[in-house]
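As written, the chains take the letters A, B, C, D and E, and residue 1 is the first residue of each chain.
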Amino acid sequence: MSTVVNCASYAEGCRVANIPFEEISEALEVPGQFVWVGLHEPDEALLRQVQKEFGLHDLAVEDALSAHQRPKLEEYGQAIFVVLRTAEQQEGKIAIGETHIFVGPRYVVSVRHGSTLSYAEVRKRCETTPHLLRKGPGFVLYALMDFVVDHYFPIVDALEDRLDTIEEEIFGEKPDRDTVEGLYDLKRDLLTLKRAVSPLVDICNRLMRFDSPIIPDDTRPYFRDVYDHVVRINETIDTLRELVTSALEAKLSLVSVAQSEITKKLAAWAAILAFPTMIAGIYGMNFENIPELHWQHGYLVVMAGMFSVCGFLYWRFKRSGWL
Amino acid sequence: MSTVVNCASYAEGCRVANIPFEEISEALEVPGQFVWVGLHEPDEALLRQVQKEFGLHDLAVEDALSAHQRPKLEEYGQAIFVVLRTAEQQEGKIAIGETHIFVGPRYVVSVRHGSTLSYAEVRKRCETTPHLLRKGPGFVLYALMDFVVDHYFPIVDALEDRLDTIEEEIFGEKPDRDTVEGLYDLKRDLLTLKRAVSPLVDICNRLMRFDSPIIPDDTRPYFRDVYDHVVRINETIDTLRELVTSALEAKLSLVSVAQSEITKKLAAWAAILAFPTMIAGIYGMNFENIPELHWQHGYLVVMAGMFSVCGFLYWRFKRSGWL
Amino acid sequence: MSTVVNCASYAEGCRVANIPFEEISEALEVPGQFVWVGLHEPDEALLRQVQKEFGLHDLAVEDALSAHQRPKLEEYGQAIFVVLRTAEQQEGKIAIGETHIFVGPRYVVSVRHGSTLSYAEVRKRCETTPHLLRKGPGFVLYALMDFVVDHYFPIVDALEDRLDTIEEEIFGEKPDRDTVEGLYDLKRDLLTLKRAVSPLVDICNRLMRFDSPIIPDDTRPYFRDVYDHVVRINETIDTLRELVTSALEAKLSLVSVAQSEITKKLAAWAAILAFPTMIAGIYGMNFENIPELHWQHGYLVVMAGMFSVCGFLYWRFKRSGWL
Amino acid sequence: MSTVVNCASYAEGCRVANIPFEEISEALEVPGQFVWVGLHEPDEALLRQVQKEFGLHDLAVEDALSAHQRPKLEEYGQAIFVVLRTAEQQEGKIAIGETHIFVGPRYVVSVRHGSTLSYAEVRKRCETTPHLLRKGPGFVLYALMDFVVDHYFPIVDALEDRLDTIEEEIFGEKPDRDTVEGLYDLKRDLLTLKRAVSPLVDICNRLMRFDSPIIPDDTRPYFRDVYDHVVRINETIDTLRELVTSALEAKLSLVSVAQSEITKKLAAWAAILAFPTMIAGIYGMNFENIPELHWQHGYLVVMAGMFSVCGFLYWRFKRSGWL
Amino acid sequence: MSTVVNCASYAEGCRVANIPFEEISEALEVPGQFVWVGLHEPDEALLRQVQKEFGLHDLAVEDALSAHQRPKLEEYGQAIFVVLRTAEQQEGKIAIGETHIFVGPRYVVSVRHGSTLSYAEVRKRCETTPHLLRKGPGFVLYALMDFVVDHYFPIVDALEDRLDTIEEEIFGEKPDRDTVEGLYDLKRDLLTLKRAVSPLVDICNRLMRFDSPIIPDDTRPYFRDVYDHVVRINETIDTLRELVTSALEAKLSLVSVAQSEITKKLAAWAAILAFPTMIAGIYGMNFENIPELHWQHGYLVVMAGMFSVCGFLYWRFKRSGWL
């Protein structure tokens, strides 16, 4: 499992050469050229070597080693260090990975942790637009961020679909328990994604105004574009969160409504059955002298009375919506 | 379905000529004249042509192509790019469309997506006030925004009406289930509209202070006017959201109240019927030696006793509000 | 229903003359003098005349005509335009009116819509303090705002009283349904009032720092005074809103508590009555060979047993608080 | 009930003399000396006299007269006017009083309304630290504010204790109704205290940065100290508010849990009793031909059957936690 | 229980000597050297001595004595005073301690209250990195803060575990009551931790931009590192709080769902048992003339009828999910 995924030098927007990791320093000496290194879950030894090669700051490298950072943007002298959280759908769950990007005036190092998305695709895409890649490491940073952010969209869409499904369950005839658990899980996933996305708003905002040779003026609109995407995702997440809360409340109301409908039915049927039972009990008493018992049609009269009352009750309950 | 809806040149606040799309460049060369192009769901080819004609920025054109942007205002050099969301009532639902406006010192291009509202009306209205149209493309931008924002009002009014109807249902005698679903749908529509409207507050605010020849100083009050409308709509939406939440809570309380009234009634009637049933059961026992059974008026006495107790129970429950 | 309520010129803090509407232009020419015009629901013709007389901005006049603005403060060149919402108690409901005030260096025009409160009182009050009225149109603006804001207090007090009443109902023995509706209506009224009051915080804040000859430095503390009142009302409204929400929650808890007490009672009585019914049923069976039936004191023994058990159940339920 | 509580002149941090109220003007003429006047619920005449003596602003004096202000800090030229809300425990309730402080370069006037806490103690404490009192009226202002804020702590502690007690009730075996009312009252008191305390955060913040000879640079840390206390109290109040809300929700859940436990018990016992009742009813029928009735041990068999079923039901309900 | 835990002088990043407390003043005179004193719950006498030695501000020392401060950062001339809250797990509860740190250009004094975590470890760790310790007292401050903040992580992890456990209980088959209490306790602990952590965000932020010789420029990235940790913990706490609230709501919904399932079962069984009871009652009546009683197979027919109806009811209830 080689962890140096790719290492190449670029000049004038074109790949000059794939270079072995050891020759980076020589490549860095060629003027007008920059180096783009892609790492995947590097061990400490490799990362320390990279650090020496490019002169990265101690704290940034330690962050890249431990890989439990929140998304952030940090300046260390001329270099900047960006932490992003990547998100993927894996077996119906959101899997969060991390990417650390070191950008200097002459290099880009991307370090990928726990994600299946390869940045080879980004590299390929950049190489097809040499007039943009010519802008240098700043543009590569944009391309990586854009790639990460673009992968949030299908996840947000999946979350919206899940809410739609749950909504149908709530207002439909589906089982109750799972709906509540589904809403809670959805809330949980939304908060997870929120933690990946929301720091990016601030990061993009800062990149849009960054005063550094790494970010040339004409790349700013590109970061603004990422910013727009991030804000849009963020807004969608917030809307979904509010809807989940409302759905949970609506669910509770509906359960209570259902509960009182059941109680109504229970009460109505209890009344309809309890009345003839009482009457029957009365005529089941063993008093010597109960005149009705000796009537010719006593039984029929009582039965008719009973059923009339039951019928009347049934009709009343039906009319008032209890049955 | 021609997608170039209209294309005309204006000078001194009056329409100079309807020009074919190919002659735009010539029209742009006439000093003191500006061009106003209206497009409807253009395909990429057309949009690329427009881009070449007016020198629009790549990213803006890509946004106009994909048409899933949030409302925003962006500067690209001298030109500005505005994205608006239009809203319409369609068969009781809120249909969201999108409009992209490119404004330069000498041109306005409006691109309409998925909405039935034609901007022909805006054009007509502008042409009736040449002293205002003379202010140039900035005024056209205002006129378009004002038109879009004015169309939010009937929708907000409709949402207010829906809340009024639901309120009557909650505190009235209407069926329960639909009320909850109605509240949830209302919440959803409010959030949809909110996402269309709320970014406009910031956009209008920026236009009010914009330092660009496109927005002459004497058009600022007009943008302030749009700003006021947007803030008002925004406030109404927030008020409605808070009321929907309260209505949902009130609903839940009322369902619980109703539930306990039903339980009270159930309990009261159960008690009233269970008591004589018990007594009847007792005198239905087959013991050889139950003195009361042999009394002359045993039956009447017991019946009288039963009904007295039932009557008493009924009176007590009635008094304490259980029945 | 004359709509020019009053029109007078002032100099050195004293009323110079009541002037007919047509002579305003002459009055404006007298140096050191200002004109104060009070209008009530004017028609368009009149308002257009006023506009010509004082040179008011088109947009402001249109706002004054349509009269569905939110409270705001706008500058048009040297003049300022203020929109206020007035509030009154009318038959237990809050009636919202609107007042538009145009203030220029030499004039004040107040336009009153849909409110019964006349500003004649403000005029009278101002004329009794000539040393303050001398400060000019800015002071008149203050006096009008102070008058409007002072009329919020009795309304807020009435809302507080309503909450007090409802609180007593919640924790007392009053009917349930109306309490919930009362809370909801209270919430609604609070939000209505909030929309009238909260924009004033910002308006007063701006007037306190306004750099314009219309607001002389020594009137600033007066606007700060209005500001304090507005902030206080605003805070009270927010507190009331939070209390209404808590009251709704408390209500729901109490209904649930009541519900479970009823269920307890129902369960307890059902048990107490169902037990002897079961026993009676057993001895009502027609088996040929039930020895107890032939005992001398069988009936008494069974009855005693029944009542002991019922008594025991009653005592246990009583002790554990179910009855 | 004399309302001039105390009036003395100070120089070099020591009390020079108790002076009668009439000789204040003379005392003010002595250089390096300042006057500290303490008033308690003064009538208008006295306050107007004070106003004349120190040249206080009209609006500040009117505020001091009406005494229904929110906490605030206002500058009138060189003087500042501070309004504080004092809080005391009185018979288990929070009693809110008001204190107005006028501070000028050479005087401090404190006006106390509706509180039993005398500021004599503050005066005494100041006089024991002449090196601090020497800093002048600004330090006196600090001492008064510190005194007021220190008296919030026992109240906040009492509120925390009340929450602790209620928590025990909620999760313990106490009566339900009072718990809910207790939580609501607690919320109410927290909001009352919040309204007294929260404006102080801003006031202290401004005093920490105040650019005025009244607040010498070396008193700033003292105001920062008060600021810290206020922020701490504020935070505690917010935490308590959130806990009260959660407690109310927890309460509601627990009531629902209790309710369903009761319903379970009710259902279980109903089933256990209803079954033998049904069987007994069947053998109580008067059909001529019911073979079981003539069996030798019919009665015993049926009774044994009944009790087995009841026992089985009891065991099942017990096992599944319904009993 | 000696309260001077450690006292040593440092130069060039190395420990020069352990010095007795009395010789601090001499050590302070050696140029390029700084003193690091560790105290544990000192009494007033000792703290006053420290104050004299280093010239600490009165208010800071009083804060260190009372030890009920919120986390804060204060400047007193050249020195800074930092208050931190330490947190530990003790017997399943979160125990909050306090640490006060006085930092001057030539000294660090740490005062530890009510915590078992010794700072000896920090000292040891610092001494192993002399190239960092050389940066002086500012680095020691960082090391202490880092140590305190690092100890929040296991606590936050434990809280996350507790939520996971409770979630399983909610959606599993565990007892109800304890779940609610567990959620409430979790909320309480989260709020406690929040109060310890959230002020640190602002403190670290200020330290990152602090303009003082105590914090050399090259220590800033270290404080930014602490800042990142604090923000991350803060975010996790907020996410947990929101999840706890949702869990409480989900719990309530589930209890209601369970309740209505129980009621359904109760109603279904009641109906199934009440019907034959009623029929049996009818044929238990003692009318002389009930034809069915004399039928040959009357009993069997009735029994068959009864059981058919019961079976039918059972089947219907089963199908509609009531049983």
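Here, a residue touches a chain if its C-beta (ideal position, glycine included) is under 8 Å from a C-beta of that chain, and two chains touch if they have at least 3 such contacts.
Values in this document were obtained by computation on a predicted structure and should not be read as measured data.
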Contacts common to chain A and chain D (chain labels): E
Number of steps on the shortest touching-chain route linking chain C and chain E: 2
Between chain D and its twin chain E, rotation from the CA superposition, multiple of 5 degrees: 70
Centre-to-centre distance between chain C and chain B (centres being mean Cα positions), rounded to whole Å: 25
Distance from the mean Cα position of chain C to that of chain A, given in whole angstrom: 40
Shared-contact residues (touching 2 or more other chains) in chain C: 249, 252, 256, 259, 263, 266, 270, 274, 277, 281, 284-286, 290
Touch-based graph of the chains, sorted into line, ring, star, complete or other: ring
Going round from chain C, first to chain D: chain order: C, D, E, A, B
Contacting residues of chain E [partner chain D, same complex]: 57, 59, 63, 69-70, 72, 74, 76, 176-177, 180-181, 183-184, 187-188, 191, 195, 244-245, 248-249, 251-252, 255-256, 258-259, 262-263, 265-266, 269-270, 273-274, 276-277, 280-281, 283-286, 290, 292-299, 302-303, 306
Contacting residues of chain B [partner chain C, same complex]: 167, 171, 221-222, 224-225, 228, 231-232, 235, 239, 242-243, 246-247, 249-250, 252-254, 256-257, 259-261, 263-264, 266-267, 270-271, 274-275, 277-278, 281-282, 284-290
